[in-house]
Structures are given as structure tokens and as C-alpha cells.
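See structure below.
Chain lettering (A, B, C, D and E) follows the sequence in which the chains are written, and residue indices restart at 1 in each chain.
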């Protein structure tokens, strides 16, 4: 057992939720609450299992760790090959933490088709973890797509009034990107076959390939598009507000917390190392789009009168910053970007959660329906305030560290002005978030129905508290995370640099 | 001997306790924890300061742990004790402590335990942030405190969050500060890019060691840093938040918006004096901004009727003085004014609070008058502080202000202009201070009957701090006697001079003016101040304000303009606030909804439409099917064989 | 001589097929088709396939077309299905397509004669003899024969299933 | 003429045994129908037994050609035979409860199904155009009848008529194609076409095109697709489950055989371009029009048209890998499409009425299993990974890209994006709408349950462990003289 | 070439018949007439087969025709049965009127 855990930790992590979902299928419909609890239990167990990764992770090691590899479809060279580096590690932890949080919240709020909800959620977790650990392009693609289905159901069945439109948009948008990536993946594998004579989709093998000129550009674009849509990068972001807004709170938490990150992760893991030259050539565009995202997202967020939409657009803004960091491609900016992904997952997750708390009581997300409720729901207010501060990057909380590293890293890159432009985010975010806080929690308490609002429940409080604690923890001891990123980021940069040299050589 | 990190951590603990338990455990517990924390940290602070004074006063750096380490970037959590931080530490803790005590009395009427707890929690949190700011050894850690105090001011301004203007004022304060902090951030990026570090010791050493290498980059950096200072210390054009900040409880105004936080900008500039000295044009800029702000705010103060508003603008004006001093290179003098100002301005604000208390929360000086007899202690202390700020010897304000004017006078270039403006401002200061003195305490009571009925002196918990601060406003300045009283008269100068480190290749610029000139300057400034006071008393105490009324009538437009604070807020509203909102809406409605989603939905719709039309090719008539079949076949054959 | 006869017979067939297509009344078209099939039978004879010609007469003209007539009578479609033309687009497009297709077909077939390899000379009489045909049928084409038997069975059963009177709505 | 000139060897017998079994099973059922109608409820079992038997003999049959080189037994026919048998078995499984519900359980249905199935297998195994044609006609005749099988239902009869007229029309062209090829090669054997120079002859090309069109009609690729939606809609669903899968696969095999014989050294570009045009047209038209469909059976018909567009890519690529890919594709298509029709058969109550998608509303809750399988099949058709459909598309697009048909692949991708639109629409109706039908759908019959379970299992199995099937397909593809890239 | 008939004539005749057959199938509305036209198309094929057979001196042509006729007969049986079945519903076999299933 011990050995099994040791040798197949990743596989267990990936497939445990799926197994849980399978067991849930056997639950009779009647046992709704039990189903929820079971799903929660599984996700908590999952979280516990993922902790060993955290401390057994070798900080110094450059390559992938916890490797597992088996033949899967030998004639096509598709292998079940998994492993993680620091980048994947932190995102995996983020996933395994956010999932129970989301489920814990849903525990008291999802009432219809509970069993289905739990199943979808667990499958979703499998999909996310799978695509985080996959080191084989085909395997990655499988998980990447499989993720869509449960999310489609989560939005479509348990979502808000415009859920169908949102679900469709989400699915088609993402598909549109990934189908092109699918062709690109095939093409790469074929090229590898013609070059070496054997089929392989394994990342290490494909890393060795070098493409040139327009081929590389096209392939890169195919990949980049898929990931850019997921991130999302302006102007491909319009699925996000709808999806986030219509999804049930739990879904929003996962969407914002993890799914978006997979876009950046995919870019770092695949697009960059596979097509270093092209990505270098397009880095300026990426940075510019990132800057646009930061400013644009912030502006549009300010204009919203739906709380969830506002938070959704704030995600656009925050991930714009992450994109800047990736585009700058310095050690600092990359570490910052990855850390910032975690931070965004925590703070935005918390924001969605607390908005959900209000929504469940008042059944509206209209900002104007609230106002002055700090008196009636002090605890919620306090938590929301902390989440807000974390999201607008107050030093001492997590958000600041990521932002600062990204910006300082970008400043030291050739593209200094991105930092200048991106840093305006600190002003803009303060503007729209504090306006939101004021309009929702402060000002006179006018609406009668708000006077009887009940404050946050223990289960919700627990869920939120987990996030708040992590915010403070990362804010005070960011090194715990950064230490795990350093080696991997440098390794990534080396891979890219090496390939660039290789492709320069005739 | 207490470790430095403990000093900020004590109030933090107080904050945590009050935040988590305060609501449940009631007011007495809260006050105990809150004031206790403040007192303890004060003790702890002086437990460090006094030995420091006795010892050789060399800089102490106490690292605690590594905070952020990524790649080439590394910042520790480390604290620094040197004359400058010792100075700040001393009065921040002490004044802070006093104001905590004062608050007990002032907030007694706070309806709910929750609110009371919130208040003291915030105050403690503020102390924590301020002390971090002061003791930090690196720019980044200072920024933590920097934004931290911003947060507390935001929270405390918006303490009465159920009043829209308070909430809005809080937000305004935070946002405007953020604009400054944006500059500060860029400055830090620049510093890191240039020096590869954010630690004071390293940066200042490097900069001082080879000025030629760094000075080109530094002007931009210092400009950015100063932007931060402008925000925090409410300099033109970023001062607009401070007047609104008066929406907060008065102790807050006293502590944060007069004595401590707002001077953080000056502290920062003084802290970075090495860098600034390497960027002369920025120094000039600082001086100009300070000078202008001093005059500008002073003018506005003339026509305000809200007691706290007057004090607020006066604060802005005094901060301008401090920057003027820094700008002309007299950093120590600037800090000297920070110190004295902390005493008398805090005192003034607390008095205002006490007045407010008596006037049942009315602050309009037009409703006051003749309070002298009703609240004697408040009156006395207020008077002392007013004299001090007006620069009447031998009170604290006189020495610091005079020193500033002197150093402006001796400064090369625009020095004389600065001096002149400073002098004018001094006159204005004296005038508006005694305008409110007379309006408040002299003449007959103009308020409503039941206000009059309520009039009463505040409890000792409030008056005691007043007395202490008044006393300090008197003696506070004696630590920095001008040179005319002998070479070593200026202990303060001597104490603080180490922070103005010598720069390689630059002579320690110190050209003292002749004693004669110095006497003359003093005389002039005193004369100006005195005349200001006299005029104010003449017009408002004796003349019942008829003269100013006539003056105002003579040019109502101008008067209205001044009374409306030159309508700067309105201007900003037109220039920034509205356009911002408009842009936001437009981007959303046009770019997002109309263009992007428009294109997507349109294409989707077109495909569906195509389907809807094409399905009617399926007429249900077999002959059509046969026909399509044949046409398809014929076309195929034409295409493939047709060529043959 | 033979060629002329063939061409005449073919012409007759084509002519009557044409008539079949244009006559409005279905019964008439069946009858014209009978004539056309006789013409074709003649052609078959001239193409040295007397056996096929016989089948053509017996099975086609005899059995199949009579079956048609029966059905026509049964449904008594005498007048119901009088064709009123209509559907101009269908007509126009069809004619066009047919013409183009016919052109292509002819164009292709004209050339194909030349490519045919010259066969080993056989005595026409021998070639026309049905006996070897039978041998071929049961030797090489046995499987086909069996397959067709299944086909016929299926057709039989099918026709029976569909046409038998029961539970008519 | 003394002595029997009938030449019929033991090898021939072994080779033809599967078809004989089918024919026999059909006859037995027919006779029982006539003389022991009491045994009706065993007919399905019998039919299944027949299919199983024929598969048994198929597996046992020794490799090689028989009947004087006119009949083929090869890895290819083996795999295809298994595929066809699977289709037949599923159809029969679905048919039993379906016919019971409709009160039309007649032996003839199974008999005709079996004989039609026999015809299809002759198509795939015949090395002789005449035999292929006879197989085609057997299939057609049987299914003309099955289309019109619900005589009380006018739609069914109309489907029969339409299928018959268009079918007969099409097979006339097929026949003429056979004739032209006969004229060019001087024989009916396919191998006879493998003569140098034939590939250039316009007559041959013309003939090939006629075959392409004729079998394209059976595959229902645009623009020869028009019959499919109407016929599918009117035809009893189980028959559709077979018709929408088996003949299509068989047709591709036939075309591959013939092309492989004629184009030994590569397909002429114009010919290839022509096929490519058909593929593109099918993918585009099928997917776009499917978006507008309201009736689930029509929707599936159009989806089938589009799917055949993908399959046609394999003809364009025309190589060993492409053939192997299309074989896998068809097995995947079998489980997905037949599964979908099985689910449709199980989910709708009244067979005499049309099958609007809207009626499926809310069945996700009330008939969870059938609905889930339907959704699964649709996702598989859409090509979502971890399903069989994904593997099929994966291999097809891989083949296309390998031979450099990038445009085709791109169009295919675009088309499948469109297709997601309508597949998801059905899923949405299943799960995200409130029921419109008052009473819940009939309880799932064991046979249905089995069929659905088989399809679901197949979808996942192929989707996750396609290796062994791929090996089979590769071996099968070697049976034809094809160039491998 | 066996016999005196040039292949070209035969093919010409066959093509003509085939074309007319198609025309009939497309232009008629009466299902029975359409079906008759299709029969004509098959006969055209038969004619061509025999022509080729003669030209090649191969009997396979005749064999194929033999089978085709059988198939034609079978088709006729099924087809007419379908017509009858449908007629019971619609009282017509005018295909223009038979469009219950469409779109």
C-alpha cells in the first residue's frame, strides 16, 4: 500500500475522483445529502493525498518528478505518461484545495439533481488534474477536452437564468480553440514520425523537434489560440463573463480558480517549449494583449451592475497581468505569473464564494439590490473585504507578491513599458473593487429585505476561512511557494533557450 | 532589550484580539486591549530609543526572516533603527498612545460594542502599519506599512460606513493614495533595476559611493517615489482626499491625518535624501510643489467654516512647508517640522474633537462663539497650539517654521521666492488659525438653544492628552534652537544629521547665514505672524466679522471660488471621474457586447440561418431527389471526365 | 444487311420508349414499352444472344409488364394519375441535366469501341449456342445463382408482406 | 453433357457457410412464422443465433479466395464481417422490444433483416462486380420492404416508396457502371480491372464514377443523400440502426476494392479532387442542415451524412493507413450511431408518430440510462476524447494530414465544430429542459438495456483502448493492394 | 468482332435508351411510369452488355444480362407491392403529392 502510494501517487490523485464518481452512480437518487457528503469526503481525501506531493517535492530537481509511464496506444506512440514540476505542483494543490471548498459551499446550496452535481464535479476534478499532470500531448488533449463535458453540465443544469447560452458559448468557444490545437498536435506527431521513424506524442520526444518559419508560426498559433481562449486573453474573453455569471457558485469557483489557469499552464508547458522562436516572435503581441486585458478588464468591470459579472471581468484584468508576466518571460515575471495564478484562484474563488453567500440569501446579484448590509452581515463583510484587499494586491496579502514579482520582472525585461501600463492595474482594481464594496456593504441600508439577511453559515465560513488563511499565509510566506517554482521556471527557460539555439543552427 | 520586530507586532496582536473577540467581550475589554497594546508598544519603543540615544546612535538592522526570494530578487523582513526611525518611532508611539487614551472618552458614546471594537482594532492595526513603515529596512517592507496605513485610513475614514459621504471619502482616500503608490511602485522597480536590491543600506551606500553612475537614472526614480509621497502626504494635485478624510472620527483625523500618516511622505523623502540629492531637478520640483501647496491650501483655509476642514487644509499647508524644506535640501529641518507639527496639529484636532463633543457634533464655526468660558481647558490648549502653529516664539512651531524659512532663504536659485511665499503662508496661517479661534471661543454663542444647553467640558480622558500635547507644543521646539543660540544649540540637527549621509564628490553643503540675517529673518516672520493674528482678532473677535463680510461682498466670485476650494474636486470630476465611467460603459456596451459578441453571435446565427434555408432543399418530392442526384453525377462527370 | 435490321429494331425500341415517356396514360406507356421490348429482343438476337432474347420476351414483356398492367388495373389508375405536367423548374433542370449527361455518355462511349481487344475468333453459331452458357452459369456463376435465389426469395417475401390485405387502416 | 459440371468444392462451402447460415436462419424464421406463429417471441433469439452462427463460420473460414476467385475471405472481410454482424445483432436486439411495442412483431422482419445483411456481406466479400451488384440489390430489396414495413403508418409506406424509387434509380446507374467496366475489362471480375492503361480510359473513369455515385448513394454522401432523412424518419428505427451503419461501411469497402484494383499506381488527381468535393459537400451540408432539424431521426440522418463526409476523406487519401483508419472509424461509428438509434427507439413511446427532439425534454431525469447512453453516443459522434468517435476522427485526420490534405482536415475540423452545436442541443433538451410528456417513458426492456450497455461499453472501450482494434484494422488493410505512405 | 453489328451502333442505341430512361424517371410524376423508365434504363444496360459481350466474344455478358433480368423482375415485384401499400393510404401514386416526409 505504502509503495503503491509512493509509486503511483499522481495516478491515484487523477483517478480517485473519477472512481468516486463511479461509486456515486450506485447511490440511489434518494440519498441526496449522502451523495453530497460522499463527494465532499472524496475531495477532502484527495486534498489530503495531494499534500505529500507538497513536501516530498524535490526543490532542487530540474526535471519532472513523480514520473509514471506506461504504453497506452503503442502503435500510435501514445503513452500514459505523467509527472509534475513545480508549476504543475502548485496548480494541483490549488485544484485539490478549491474543489472541496466549492463542494463544501455547494453542500448547503445545491438542491436539485444532487447526485449528478457531485458526479460532474468529481469528473471535472479528474479532468483538471489529468491535464495538469499529463506529459503526453494526446493524453493531455484527452483530459483537456474531457473537462469540458462536466463543466457544460454544471453550468447548463445548475446555472442561472441564461445558463444554456452560457454553457453553449463556453463549450463552443473552448472547442473552437482546441480543435485547431488537435490538428497541430497530430501534425507535430507526424513530423516526429517522418523525422525519427517512430510514433510518439511524449512531450520529451516532441520537445526535441524544431520547426521553422511559417510552419512553426502556424503550429504556435494553433496552440496559442486554444490556450488564449481558456485564459482568456482579450478579445477572446467574452465567454468568461457569461460562463462565470451563470455557473452555480461552486462552478464559478472552479472556473475562475482552476480552469482559467490551465490556459496559462498549457502555454507554458506546451506552446512555449515546443515553438520557442514563434513564441518569442509573438511575445510582444502577447504582452500587448495582456496590457489591454488588464486595462480593458478593469474598465469593463467598473461598468457592471451584476456582482458576479464584475468579479468575472476582474478575472480578465488579473489574468491580463499574468499574461504580461508570461510574455516578459523573465525568471521573476514567470514565477510571479504562476504565483499570481494561485493568488487569483484564492481571491477570486473567495469573492465568488461570498457573492454566492449573498446570492443564496437574496437571490439577486444586482449590486443595487444591496447596500449598507455590513451592519447585518459583519462577518461576510469582513471576509469579503479581505478577499477584496487580496485581489487588489494589498501588501501583506498574497495578491501583492505575485503582482510585484510580475511587474518587477517585466520591468527588467526588454518590455519595460508593459510594467508601466500593467501597474495601472493597482489603481484600476482599487477603483472598481472598492466601489463594489461600498455599493454592496456600505452606504445607508435602504432595502427592507436586506435588514433581515442572515450572516454566513458555519459551512460557508469554513470554506471561506480556508481561502483567507491561505491568502495570509502566501502573503507572509510566499517563499513556500516560490521555492517550489524556482527550479522549474529556470528549467523551462533553459529548454526554450536551448531550442532557440538549436533552431538557429543550420 | 526588546527586538525591533516586537514593536509593530504588539499592536498587531491588539488588532487581532479586538477584531476576533472585541465584539463579544465588550467595551472595557476592548479599551484595555487597544490602549494596552498602544502603551506597551510605546514602552517597547522607548525601551529601544533611550539606550539608542545614550549609545553611539549608529544604525541597527535586525533581520527577522526572508520574505520574498525569487531568482535574483530577494527581500528580507528586516527592521532598522537609526536616528530617523528613532525620531518617528518616538512620536508615533507616544502621540498614538495619547490618542488611544483620548479615544476612550471620545468614542464612549459609540452605540454598539461592535463599532467600538472595530474602532480600536483599526487604530491598533494602524499603529502596526505605521511602525512597520517607520522601522522597515527595505523599500518593499516600507511599502507594506505604506499601504497598510492607507488601508487603515480608508477603514477609519469610512468608519461611519452607513453615511454615504464617509464611505465615499474613504474610497477616495484609498484611490488617490493608490495613484501615488503607482508612482512609488514604479520607483521601486526602477531602484531594483538599477541597484539590484531594495534594501536601504545597500542602495544608499551604492548611490553615495558612485553618484556619477546612478544620478542619471535617479531623477526618474525619485520623481516616481515623490509621486508616492504626494499621494500619502496630500500634496497638490493629490491632496484632494485629505479634506474629505475629516469624515472620520476626530481622533483619527488627529492621529492619521495630522500627526503621523500624512507625514510618511516627508519621512520617505528624508529617508531617501541621498537619492534625492542626486536628482537636483526633482529636488526643485519637490520644493515648488511644497511651496505651492503650502500657499494654495493656506488660502483655501481662509474661507472654510468647518472647524476640521480648516485644520485639514492647514495640515496640507504645513506638509507643504515640510516638503519645501526637503526640497531646498534641509531634510533635518523638514523632519523637525514634522515633529513639532505632530504635537500642535494633533492637539488642535483633539481640541476640535472636544469642541465637537461640546457642540453635540456640530463643527460649523458660524454656530459657535464664546466657548472660552464653557470649555476652558479645551480653549487654553487650543490657544497654545494655535500660537504654536502660527509661529510665535518660543513655541514649538516658531523654531521649526523659522528654520524652514531660513533654509529656504539661504537656498540658491529660487530660494528667495520660496522664502517669500513661505512667509506669506505663515501670515495666512496665523490669520486663519486665529480666525477660527475667535469665531469659536470669543464673542457670543451663535448656536441653537439646546446646543447651548448641552455645552460642557470633555472628560479627563480627553482633556488630559490635550494638556500633554499642548505642553509639548510649547517645549517641543526647544530641542532645535537655531544657530544663533550657539553652535550646539540645535540638538535636533546634531542628532539627525547622520542620516544626511555625505555623497562622494559633493561638499556637505552647509553655508550658514550671518547671525544678523538670521535675527532679521526671525523678526520678520514673527512680525508677519503677529500681524496675521492681530488682523484676525480685529476682524473676527472685535469686529464680529463685518470687515471680511464686506470684503467677500466686494468680490463674491473670488470669495465663492476660495470657499469652494477652487472647485478642484469639481474639476477632477469633469476631467477624470465622469470620463472614466463613460469609457467603462462604452467599452462594455460597444466593444464587448456589440463588436465581439456581435460578431460571434452573428456568425453562429448565419450558420443556423443557412441550415434553415438549406433544409428546404429537402422538398419531400422524390423527383427532386432524383434530380439532385443526376445533377451531382453530371457535375462530377463533367469535372472528372469532361476534361478528357 | 444485319446491321440495317439491327439499327431499325433499335430505332423502333428507342421510338417506343420515347412514346412511353411522353404518353400521359400509364396503361398506354406499358403497352408502348411492350413494343419497345420486342424491338430490343430483336436486337439481342442480332447480337447473337437468342436465349436472352427469349427471356426478354417471356420474362420482361410477358411477366413483368403484365404485372404492371395488373397493378394498374388493381389500383385502377386509369385516370387518377393523369399527368398534368407542372413543376417547370424541375422539368427544365431535368431536361438540361439529361442532355448534358447524355452528351457526356455518348462522348465517352464513342471512343470506347476502339479500345476493345480483338477476341479469339469464334463461330457465330457456336457463340449463340445456349449450352455453354448454362455450363458457365453453373460453373463460374454458381454463387451468383444462389445469391439471386436468396434475392428472389427476399423479394417474394417482401412483396407478400407488403401487399397482403390485413389490418388496412 | 454427362456428369455434373457443377463445380463446388469443400473450400467453397466453408467460405460461403456464413451466408448460408444467414439465409437458412431467415428461412427457418419464415417457416415458423407461417406454421408456428406461437414461437414469435423466440424469433429475435433465433435471428441472433443466425448472426452468431454466421460470425462463427466467418471466423472459422480459411483465408483465401474461392468460387474461382470471385469470393474473398481475408482479414479485411473478417473485420468487416464482424462489424456488419455487430450491426445486425444490435438491430435485432433493438427490434425485439420495439416491434413488440408497435405490435408488429412479424418473422418477416427478422428474415428480411438477415437476408439484407447477407446481401451486404456479399457486397463486401465479392470479388466480382456482378456478385457485388447482386448483394447490393439483395440489401436494397430487403430494406425497401423494411422501410415500408409499418403498413398502418403512411410515413412508413412513403419512406418505402421514396427509398425504392431513388434506390432503383441509383442502382440503374450502378449497373451501367458495371457494364462499362465489363466492357473495358472484358469480364466481371474486379481483378480484371487491374490492367495497365485502364486507369486512363475515359470509359473506365466514367464507369468508376457511376459506381462511386451508386455506392455514394448507399453511403448517403451529398449530393446523393436526399433519400436518407425521409427514409430514416419513416423507417422502423431498428432497421435504420442497421441501414445507417452497415451498408455505408460495405460501400466504402467495395469502392476501395475497385479503386485499389484500377489505380495501382495512384489515383488521378482530378478523380481524387472529385471525391474530395463530395467529402467537403457532405461535411458542410450535413452538419449545417442538421442544425435546423427538429426530428431526432432526421437529425441523426444529417449527422450521418456529415459523418460519411469524414469517411469519404479516407477515399480521398486512398492508402493503406487511410483504409485502416476508416475501418476503425466505422466500428466507432457503429457503436455510436447504432447506439443512438437504439436509445431513440427506447425513448419514444408512439412509433406511429414522428420523433421531435422536443419530446426528449427532461428524459435525463426520468429515463437516466437510455438518456445517458444517447448523450454518450452523441458526444462520441461529436468526437469528444475518451470516446470511440474521437479515435475514429483522430485516425482519419491523422491519415489526411500525413498525406498532406491540410485543407480537407481544416474543413473537417470546422464542420465538426458546427456539429457540436446540434449534438449539444439534443443533450441540452435531454437534461436541461423540463419534461413535456406527461407519463414517463416505458420501462427499458432487457434487450434494449443490453444493446445500450453494449454500445456504451463499446464507446468507452474503443475510446480508451483502441490498440487491438487498430492492429486488426492494419492487418485488414493489408488485404488490398494499396500503397502505404 | 463476332457478328456483323458494330459496337458503336449498339452503344449508341444503349446510351440513347439510357438517357430517355433517365428523362422519363425525372419528368414523370406517376410512380409507375417512373419505375417503367427505370426498367428502360436497365434494359439499356443489358443492350450494352450484349454489345460488349459480342464485341469481346465473351459469354459473361449474356450471363450478367440473365441475372439483371432476374433482379429486375424481383424489383418489379417489390416495387409494385410498395405502390399498392402506399396507395392504400394516399389513394394516389403521384409522387408530387407524396411528400409527408420532408425538410
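One rule holds for everything that comes next: contacts are C-beta pairs under 8 Å (C-beta built on N, C-alpha and C of every residue); 3 or more make two chains touch, one makes a residue touch a chain.
As the structure is a computational prediction, the values presented were derived from the model and not from experiment.
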{"item": "Topological distance between subunit A and subunit E, in contact steps", "value": "2"}
{"item": "Least step count from subunit C to subunit D, where 1 means the two chains touch", "value": "1"}
{"item": "Taking each chain's C-alpha mean as its centre, the one farthest from subunit A", "value": "C"}
{"item": "Highest-count interface - the chain pair sharing the most C-beta contacts", "value": "C-E"}
{"item": "Remotest chain, subunit B as reference, centres from CA atoms", "value": "C"}
{"item": "Identifier of the chain whose CA centre is least distant from the whole-structure CA centre", "value": "A"}
{"item": "Distance from subunit E to subunit C - Cα centre to Cα centre, in angstrom", "value": "5"}
{"item": "Where subunit A and subunit D are represented by their mean Cα positions, the distance between them in whole Å", "value": "43"}
{"item": "Rounded Å distance, subunit D centre to subunit E centre (Cα mean)", "value": "26"}
{"item": "Rounded Å distance, subunit B centre to subunit E centre (Cα mean)", "value": "99"}
{"item": "Contacts with 2+ other chains: residues of subunit E", "value": "18, 21-22, 25-26, 29, 34, 51-52, 55-56, 58, 60-61, 63, 67, 71, 74-75, 78, 81-83, 85, 88-89, 93, 95-96, 98, 100-102"}
{"item": "Shared interface positions of subunit D, touching two or more other chains", "value": "130, 134, 137, 141, 144-145, 148, 151, 160-162, 165, 169, 173, 180, 183, 186, 202, 206, 229-230, 421"}
{"item": "Sequence positions of subunit B contacting 2 or more other chains", "value": "604, 615, 618, 620-624, 626-627, 630-631, 633, 637, 641, 644"}
{"item": "Touch-based graph of the chains, sorted into line, ring, star, complete or other", "value": "other"}
{"item": "Pairs of chains satisfying the touch condition", "value": "A-B, A-D, B-C, B-D, B-E, C-D, C-E, D-E"}
{"item": "Subunit B-facing residues of subunit A, complex", "value": "169, 172, 235, 238, 241, 296, 299-304, 330-332, 335-336, 372, 374-375, 378, 382, 389, 394-396, 400-401, 404-405, 407-409, 411-412, 419-420, 423-424, 426-427, 430-431, 434-435, 438, 441-445, 476, 478-479, 482-483, 485-486, 489-490"}
{"item": "Of subunit D, residues touching subunit A in the complex", "value": "365, 379, 384-386, 390, 394, 397-398, 401-402, 409-410, 413, 416-417, 420-421, 424, 427-428, 431-432, 465-467, 470-471, 474"}
{"item": "Subunit C-touching residues of subunit E, taken from the complex the two chains share", "value": "1-24, 26-30, 32-33, 36-37, 39-40, 43, 46-47, 50-63, 65-67, 69-78, 80-85, 87-89, 91-94, 96"}
{"item": "Interfacial residue positions of subunit D with respect to subunit E in the complex", "value": "130, 133-134, 137, 141, 144-145, 148, 151, 154-155, 157-162, 164-165, 168-169, 172-173, 175-176, 178-180, 182-183, 186-188, 229-230, 233-234"}
{"item": "Residues of subunit B touching subunit A in the complex", "value": "19, 23, 66-73, 114, 140, 143-144, 146-148, 151, 154, 158, 161-164, 167-168, 170-171, 174-175, 178-179, 181-182, 185-186, 188-190, 192-193, 580-581, 583-585, 587-589, 591-592, 596-597, 600, 604"}
